[in-house]
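Just below is one structure, and these are the notes that go with it.
As written, the chain order gives the labels A, B, C, D, E, F and G, with residue 1 at the start of each chain.
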Amino acid sequence: MTKRPLDILDQVLNKQPVIVSLKGGRELRGILQGYDVHMNLVLDKAEEVSGTDVSRVGTLIVRGDNVIYISPSVEER
Amino acid sequence: MTKRPLDILDQVLNKQPVIVSLKGGRELRGILQGYDVHMNLVLDKAEEVSGTDVSRVGTLIVRGDNVIYISPSVEER
Amino acid sequence: MTKRPLDILDQVLNKQPVIVSLKGGRELRGILQGYDVHMNLVLDKAEEVSGTDVSRVGTLIVRGDNVIYISPSVEER
Amino acid sequence: MTKRPLDILDQVLNKQPVIVSLKGGRELRGILQGYDVHMNLVLDKAEEVSGTDVSRVGTLIVRGDNVIYISPSVEER
Amino acid sequence: MTKRPLDILDQVLNKQPVIVSLKGGRELRGILQGYDVHMNLVLDKAEEVSGTDVSRVGTLIVRGDNVIYISPSVEER
Amino acid sequence: MTKRPLDILDQVLNKQPVIVSLKGGRELRGILQGYDVHMNLVLDKAEEVSGTDVSRVGTLIVRGDNVIYISPSVEER
Amino acid sequence: MTKRPLDILDQVLNKQPVIVSLKGGRELRGILQGYDVHMNLVLDKAEEVSGTDVSRVGTLIVRGDNVIYISPSVEER
């Protein structure tokens, strides 16, 4: 069965935290609360991760063009 | 409940200051007075933050393609 | 009241000088004489500022994709 | 016979792992579960490869503008 | 009176030389013979200027996305 | 006689190998099996060339925005 | 008389060699055989020039977004 990339995001809305890898080496984690066709994202309870450093940044609206990938599988890592 | 990224911005218009993280490492703070679909932003009482350095820059019209993320949650940090 | 980013520019047309911050670290000042939806700008009596160095460059047509932000509030700084 | 680039992707959906080369030097492997016209991809059982280092990253939604090429021919290498 | 950025270019067509500042630090001078909505430009009797070095390059068709700004005011400098 | 750039590609489909020069210095060779208006390409029997180093990479779907140029003239070199 | 940038290219089709300056410092020369609205180009009898080094590369299809400028005036230099 084929899955459209943005449809996958529907399945993780308001569930477990996702990892968002950004251009420039930044990594975010948070609950995905929303998205649109540009991959603009709303992350709740977001954390910015750099190495072992984690800083809480609350709610974030991320502009989609910064995204490399989104991983809905935090718990598998 | 799903939230569209740009709708979140509606909730913080003219309220508490937001943090805007820009490509190239700049960070802005200010009251969000307006935005459009490109994430072009109007920030009032804006400050440019670099490390512990804060400089007041009044009102700013920010071109959306510079934005990495917008955080409406200054007070949570 | 919500303000659309480009509408703010209307309010400063042909008035006090604005500051235009460009990608790559350049900064311009000048009287805003016109703009379009791409944030292409016409600046009159423009100056290019780098540190304490100011060079007069007359009228400029700036291509919008170079703009980081426009600050209509020179006098507040 | 001419093949349209995106049609080739149809032939490897849910089959052998593909290699995805990303801008910035990253390489991903995984089962292609979906894609769209922007080359946004869904990779299942994905691995991030850097040199001889392989880290499992579960399911990934990759934003298409990061892609250099997709190789459906892991086993040929 | 408001001026649209591209209309300004009309006023200098086939008149005094303009300065074109390009991304990457290049600067061109020449008579503007034409342009389009992308800011693609035709420059006649063009010169490429780098520091005090001036090399004549004849007619140039410049792709608009390289342009930072166009200055119609050579003689004012 | 004028030739449209993408029409040239039709003439080399499934014939001699083409060279594809990519941004970032990579060079690919392979049989062109397909393309679309974005210059997305399908290369068969592809090789990645770096200096005198050649590695076989099978079939590749190349995202068009990485392409600098395509040379259908391997044998002339 | 105003000239549209792409119309100028019509005048040099299949005539004297043109110089094409590319982003990243590459320079190409060749007979312009075709182009389209994106400034995708077909160059015949193309040469890649780097300093005093000239290498023949036959026919090239150049993706337009790499172009800085096209100079139809080789012989004037």
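What we mean here is this: a contact is a pair of C-beta atoms (placed from the backbone, for glycine too) under 8 Å apart; a residue touches a chain by one contact, two chains touch by 3 or more.
It should be emphasised that the depicted structure is a prediction, and the values quoted were computed from it without experimental measurement.
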| item | value |
| --- | --- |
| Chains contacting each of chain A and chain D, listed by label | none |
| Required steps from chain D to chain G (each step between touching chains, minimum) | 2 |
| Inter-centroid spacing, chain F versus chain C (mean Cα positions, whole Å) | 43 |
| Gap in Å, rounded to a whole number, between the CA centres of chain B and chain A | 19 |
| Cα-centroid distance, chain B relative to chain E, in whole angstrom | 35 |
| Touching two or more other chains - residues of chain E | 65 |
| Order of the ring members, counted from chain B so that chain C is second | B, C, E, G, F, D, A |
| Residues of chain E defined as touching chain C within the complex | 1-9, 23, 39, 64-65, 67-73, 76-77 |
| For the chain D and chain A complex, residues of the former touching the latter | 13-14, 22, 24, 26, 28, 33-36, 40-42, 56-63, 65-66 |
